[in-house]
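Please go over the structures that come below.
Next come two complexes built around subunit A: one with subunit B, the other with subunit C.
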Partner chain A sequence: MTGTALDAPLVVTSSSPAHRYWRRYRAGIVFVLPALILYLAFMVYPFFRSIYFSFTNWNGVTAVKEWIGFGNYRELLGDDLLWLSLRHNLIWVIIGTIAPIAIGMWLAILLWRRPKGFTLFRTIFFMPQVLSTVIIGIIWNWIYNPVFGILNKALDAVGLEDISRGWLGDPDIALYAVLVAAIWATIGFVFVIFLAGLQNVSKDLLEAATIDGANAWQRFWNVTVPQMANVINVVVALLLIGGFNVFDVVFVMTQGGPANATEVIATYTYKEAFTQNHVGYASTLALVMTAISLIASVAFIRLRERGDA
Partner chain B sequence: MPRSRPWIVALSALVLLFSLAAGPLLGTARAQDQVELRVWDQFTDEETSATADAIYQAFTEQHPNITIAREAYSTDQGRQTVNTALASGTGPDIVFYDAGPGFAGVLAEAGLIIPLDDMAAEYGWKDRIAPAALQGATINGQLFGLPLQVDLIGVYYNKTLMDQEGLTLPKTTDELKAFCGQAKDKGYIPLAFSDNPGWQAGHQFSMASTNMVGPDAMQQLLYEQQGSWDTPEMVTAIQTYFVDMRDAGCFADDVNALTNDDAAGLFYAGDALMYPTGSWQVHGTAGIDENMPDFEVGMMAFPAIPEGKGSFWVTGVGSAYFISADSQHQEEAAQFLDYLFSPEAAQRWVGEAGFVVPMAVDTAALDVSPLFRSILDVLDSAASGQIKLGANIDVLAPPEFNDMMTNGFQAILAGDKTAEQQAADLEAAWQEGMAAAEATPSS
Partner chain C sequence: MSAGAYPMPGESLDRVTPVAPKGPYVGRLAGNVVTYIILIGFLLMFLIPFIWIWSSAFKTSREISQNPFALPTELRWENLVQAWTVGRFSEYMLNSVIYCAAIVAGSVALACLAGYGLALVPLPGRDGLMVLFLLGLMVPFQSVMIPIYYLLRDTHLLESYWAFIVPGIAIRLPFGIFIMRGFFRGLPPELGDAARVDGANEWGVFRNIFLPLSVPGLATLIVFQFMWAWNEFAMPLIFVQRDQLRPVSLGTMFFFGRFTSDRGLIAAGVTLSMIPVVLLYLLLQRRFIEGITAGALKS
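On to the complex of A and B.
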C-alpha cells in the first residue's frame, strides 16, 4: 500500500459538503466523541431502556419482559409508600434548601470583611464538603447512637435527659435527624459560593444605604440580596434537584427506616429494583423522580428568568 | 500538524489486529487442559475468607487442572450483582447466594441456575447433607443448591451475672416478663434486642411464631403454603413479643435505633443479661467467645408462650452454593462442590470458620468452646430426631414479606401499629410475594 492510495479519497471528496464539515469541525468532533459515546452508552440508552422497562413487569432476571402497558403507572396512583416518600422528599427539599442557604449566607456575611482568623474559619466551615457522604452518614450515626452517641451524652451532661433518645429510631424524628446531617454537609458548599458572590457586592451601594439610614437588615435584604440574586439562583436550583434525588446519606444512615419514616423516592426505587425484584415498577418510579426534578428545575429557572426581566 | 507516514499507520494497525486476535488463541493453546472456575461467595470477613481460600486451594491441589478465581461479595453487594451478572451471561460458574425464594428462587425460575438432583445422586450428596437443610435449597421439588451453613436461633444468657443476681432462667413468656422487671430493678437491660436496620425482628418473630403454632405448622406454612399469617395465634405471637415484652421493659429504650453491634456490645459488657440472636454470633473477633472471656454464657430456646405449643429452637439455612446454567464447566463445578461438602472440608468449615454445617462432623476432635459445642449438640439432637426445630422465616420468605417484617415490626415497637394490623399486612405481603414468584416466566 502506498501513501498515494491512502490520500486518494481525500482528493476526490474534498469538495463535498460532508467533507467540508468534517475538515472544519474534526478537531471538535474528535474531542467530543469519547464523552459523547460515554453519555450515549450510560445516560441516553439506559434512559430509553427505563422507559421501556416501565411498561413491563420485568423482575431483572428473566429473558422475557412481559408488556403490561400502563399497569405500573396505574399502580403508582394507589401506592401509599410512593406518596409517603414524595412527602418526605418535599420536606427534604423545603428544609434542605432553606436551612443551608440561611446558615451559609450568615456564615459568609460573618467572614465577608475578612475578620481575624478568616482562613481558619473558612477552612473549618468548608471542611464537611470534602468528606464523602458515606463518611458523613457514618459519623452522624455515631453522634446519634443511643448507646455511645455524643449527642445524648451531651444532653445528659447538661441535665436534658428528657430530650435524649434514639434519634434515628424514632419515626417522628428520624427524617429530621438525617436532614440535620445533610444540612451540615451542604453548608460548606453554599458558604463558599456565597462568600465568592459577596466579593461582587458593591460596597459603595452599602455605604450609600447606610448614609440614607438603612439598618443592617434593610441593607442586607434590599442591597446585598438583589446583587447576589444570580448566585442564590444557582444554589437554589442545585439544592432543589439534589433534594428530589437524595439517596446516599439516607441510605447510609437509615436505609429508609424505621418503619419507612425516612423513605425517599430514590431509596424506595432502589429497594423496589434490587431487593424486591420489581425492576419494571422501579423504572416507573425512576421516571417519576426524573419528571419531578425536571419540572421543579424548569419551573424555578422560568421564575428566575421572569424575575430578571 | 505533521502527518504520519501512512505505511507506519497501516503496519501499526496490522500489528494491533494480530496481537488482539492471536493473544487469546495463544492463551487457549497454553491452557488447553486448564479449567478456570469463577466462584463468587459471601465470605468477606477475614477469618471465613481465609478458611474459604484454604479450602479452595486444597481442592486445586487435588485437581491440578482446575484453578479457582474467587471473588467475595458481601451479602448486600451480592444481592445487587448476582441477578444481573447471571442474567447477562457474565456471571460466575458457581455462586454462593441466599437460598430464599426472593433470591435463588428467582434465578431458578428464570433458568439461570441448574438443578443438582442428578449430580447429587452421582456424588451421594443427599446421604451426606441433612435433608432439612437441603429442603431450604429445594425449589419446586428440585434441588438447586447445597447449603453450607445452618443457623440456630435462640437466646444467649449471661449465666455468671444471673447466678450472681439470683435470677433464674424463665421457662415461659410470663416468667420472662417477670424476669424483665427484676433485671431492670437491678439496673440491667433484660434483653439486648436491637431492630436497626430491622432484619433482627424477623428472627424474634420466627421464635415467637414457632412457639405459638409449633414447628410442624410453621413448616406447612413456609414450605407448603398451608395456613396463614393473620390467624389469632399469629396475632398472639406478635403481641407477646413486640408489645407485651416491650411494655414489660424487656428491651432497651430506643430499640429501633440500636444496631446488632450495639446489642452485642451491651451483652458483652454485662449491661444486658440476655441476647436473642443466632449461632453466627459465637465465633470470630466480634463474637461471644472472643469478647466474653470472664463470663459463662449459655443459650436457650425462646420461652414458651402460655397459649402456644411449647418452647422450640429455630433453625435456618443461610446461603447455598449454586451452579450457573451458563457455565461451560459444570462437571468441574460439581467436583468442586463435592469437595466443599467432603468430610475433610466440613471439619475445616466448623473448626476454622466456626460454621455449623449440615453434615456429620467429628466435633470431639475439634477445639471448640462449650457454648459452640452446646449449639452443635442441639443440632445433633435435631438431626437424630430427638427434638423438632422451628424455621427461620426470612430466608424462606419472599422479599415483599421480609420488607413487611422489617418496617411493620419497627412500627409496632414505635407504637404506630397494632399486632392485628401487622398480621393482616404480613398475610397480604406473603400472598403478593408468592404470586410474584410463581408468575416468573422461565425463558
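On to the complex of A and C.
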C-alpha cells in the first residue's frame, strides 16, 4: 500500500502518504500509545495467552506445552468441585445481591431527608468500603472465633448458648458466615449509591401520592422504586458480577474450607493454578469465569439500553 | 414500619408539612424516635467491630478472651510497637507507599494522556480503541493472572517491586481512561482553538489549556487508584513472592497467620494497617463518597 504513480500527482507536497498520516495523527498517536503498549503487553496479550493455555495440559514447568484440544473443556463437565463451587457462587450471588440492596435502600430512605447526624451515619456506614478485604476478613474471623469471638459472647450473654459454635468451622454454616461478613462490608457502598439516586426522585410525585392517600409502602414501591430503576440496575449488575468473581474475602477467611464448604470458582481457580500447578485446566476455569462475567455485563448493557430508549 | 419511619423528602419542610399531616404530632415524633433507634442500631453494628479491634490492640491476650467488651485497663503501647518492629509493619507500610506512589502516578498519567487523546484529538480507529480498553473493565482478573505470572517469571520481574507495579498500572488503565475520557468529553473542545490559532502545538494545548481544567477529574481518579493500590490483595498475593516486598494488605494476612495466638499483637497489626486509609477517608470523605458514586453510576 505504498504511494502509487496514480496518487502522486494529487500530492502537492513532497511527503509520502505515511508521512502525511503521521503528521496528521501524530498528536493522537503520541497521547494514546504509552497506555496502549502497556495495555497490550499486560492485558490483551495475557488474555489470548490464557485461551492458548486452556488448550494445553501445561504444568508451568516443562518447556513444551502439549496441545490437548478441548480436553480441559470436556473435563469441566465431570468436575464435581467446579459444580460445587458454582453452586456456592449462585448462593452468594442471590443472597449477596438481595440483602445489601434491601438494607442499603432502607438506610438510604431513612437518611433521605438528611436528619441530624446525617454525616456521622454516612461516614460510619461507608467505612468498611475503604478498608482492605484482609482487614474485614480478620475482624470477622475474630467475631466468629469460638473461644473469644464477640458473636458467641453476645449469644451467651442473652442466654442463647445453644446457638453459639465455631462459625467458620461448621461446613453447613461457613459459607453463610463469610457471606454475612461480605454483606456487612457491601451495605455502605449500596447505601451511598442509593442515596445519590434518591436525589433525582421527584418529590412532587411523592407529595401527589400522599395526597391521593398512598401509604408509606405504596409510595415506596409505586413511586420511588420505578424512578430508581436505573440506579438499582447498576447496583444489581455490579453485585452480580462481583458475586461471581468473589475471591478476597473467602480466601482470607476460610481459603475455601472447611472441606470445600466455601469453595467458590475464583478460589478453586487460584488453587488449581498456583498450588496444584494445573496451569492448563486453571486457565480453562478462568475462561469460564470470564464468560460468566461477559454474559452478565452484556445482558446488563442491553437491559440498560432498553431502559433508556 | 410506621408512617413516620418513611419520611417525606424535601428540604422545604414548610411546603410539605401542610400537605402531609400524617397523623397527630405525637405519631410523627414516635416515628422519628423509631427512625433513630434503627439508625443507631446499624451504627453500632458497623462501629462495634472496629472499636473492639482498636481497644484490643491495647490489651493482653488474656484480657481479650476474658471480657471482649471491657475497655483496656491501661494503655499498653507494647503491642503496637511489637507489630511495627517484630511484625515488620514498618516494612510493609513502606512497601505499600512505594507501590501506591508508582501505581497511582503511572496509571493516572497514562490514563490522563490516553483519555485526552481518545476524547479530543483526531485519531483513526478511536472508537475501536475505546472498546478495546472498555473490554478490560468487563473481564475478571483471573482471565489474565496466569499468563502475567509466567510473563513476570520469564522476565525476572517476579523478585522485584515491578511485579505488582507494572501489571497494577496496566489493570487500572481501563478504568482510568474511562473516567478521564468522560471528563475531557465534558469540556468544550473549542477551548483549544484559540491557542492553536496563536500557534500552540497539540502538546501545548493539552499542557496549558486542558490539563489545568482536568484537576477535579484527576483528583477523583487519584483517590480511586490509591484506594485500589493500597487495598488490593489478589494481585500481590500471586505476584509478590518475597516477604520483604509485601504490601501491607498482604503482609497483614501473613502476619495474622504467623502470630495467631498473640491476640493483642494481631489487633495491633490490624489497627496499624487501618490507620492510613481511615485517616485519609475521614479527611476526604466527601471526595471518597462522591468519587465512588460517580464512578459506579457512570459505568
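We take it that the second predicted complex is superposed on the first by the 271 of 309 C-alpha atoms of A that agree within 3 Å, B and C clash if a C-alpha of one lies under 4 Å from a C-alpha of the other, contacts with A are read in each partner's own complex, and residues count from 1 in each chain.
Criterion: a contact is a pair of C-beta atoms (placed from the backbone, for glycine too) under 8 Å apart; a residue touches a chain by one contact, two chains touch by 3 or more.
Computed from a predicted model, the values in this text were never measured in an experiment.
By the touch criterion defined above, A:D170 reaches subunit B but does not reach subunit C. When the two complexes are overlaid on their common chain A, residue A:L110 makes contact with subunit C while staying clear of subunit B. By the touch criterion stated above, A:V201 is placed in contact with subunit C alone, subunit B being left untouched.
Of the two partner chains placed around the shared chain by superposition, subunit B is the only one that A:Q255 touches, whereas subunit C remains out of contact. Contacts of A:V231 after superposition on the shared chain: subunit C is touched, whereas subunit B is not. Using the contact criterion defined above for the overlaid structures, shared-chain residue A:L77 touches neither subunit B nor subunit C, since it reaches no partner. Of the two partner chains, both subunit B and subunit C are touched by A:F274. Of the two partner chains, subunit C is the only one touched by A:F189; subunit B is not. When both complexes are overlaid on chain A, the residue A:A18 reaches neither subunit B nor subunit C. More residues of subunit A lie in contact with C than with the other chain of the pair subunit B and subunit C. In the three-chain superposition model, subunit A touches both subunit B and subunit C at residues 60, 147, 274.
On the side of subunit A, the complex with subunit B involves touching residues 1-3, 6-7, 57, 59-64, 66, 144-147, 165-171, 254-255, 257-260, 271, 274-278.
Residues of subunit C that touch subunit A in their complex: 1, 3, 5-11, 16, 19-20, 22, 32, 35-36, 38-39, 42-43, 45-50, 52-53, 64-65, 68-69, 110-111, 113-114, 116-118, 121-124, 126, 129, 132-133, 136, 138-151, 166-167, 169-171, 173-174, 177, 201-203, 206, 227, 230-234, 237-238, 248-250, 252-253, 256, 263, 266, 270, 273-274, 277-278, 280-282, 285, 288-289, 292-293, 296-297, 299. Put simply, subunit A touches subunit C in their complex at residues 24-32, 34-36, 38-39, 41-47, 49-50, 53, 60, 107, 109-115, 117, 120-135, 137-143, 147-150, 153, 184, 188-189, 192-193, 196-198, 201, 203, 206-207, 210-211, 215-217, 219-220, 231, 234-235, 238, 245, 247-248, 251-252, 266, 269-270, 273-274, 279, 282-283, 285-287, 289-290, 293-294, 297.
Across the interface of their complex, subunit A is touched by residues 5-7, 10, 79-80, 83-84, 86-87, 102, 106-107, 109-110, 112, 195-198, 252-258, 262, 265-266, 399-400, 403, 406-408, 410-411, 413-414, 416-417, 436, 439-443 of subunit B.
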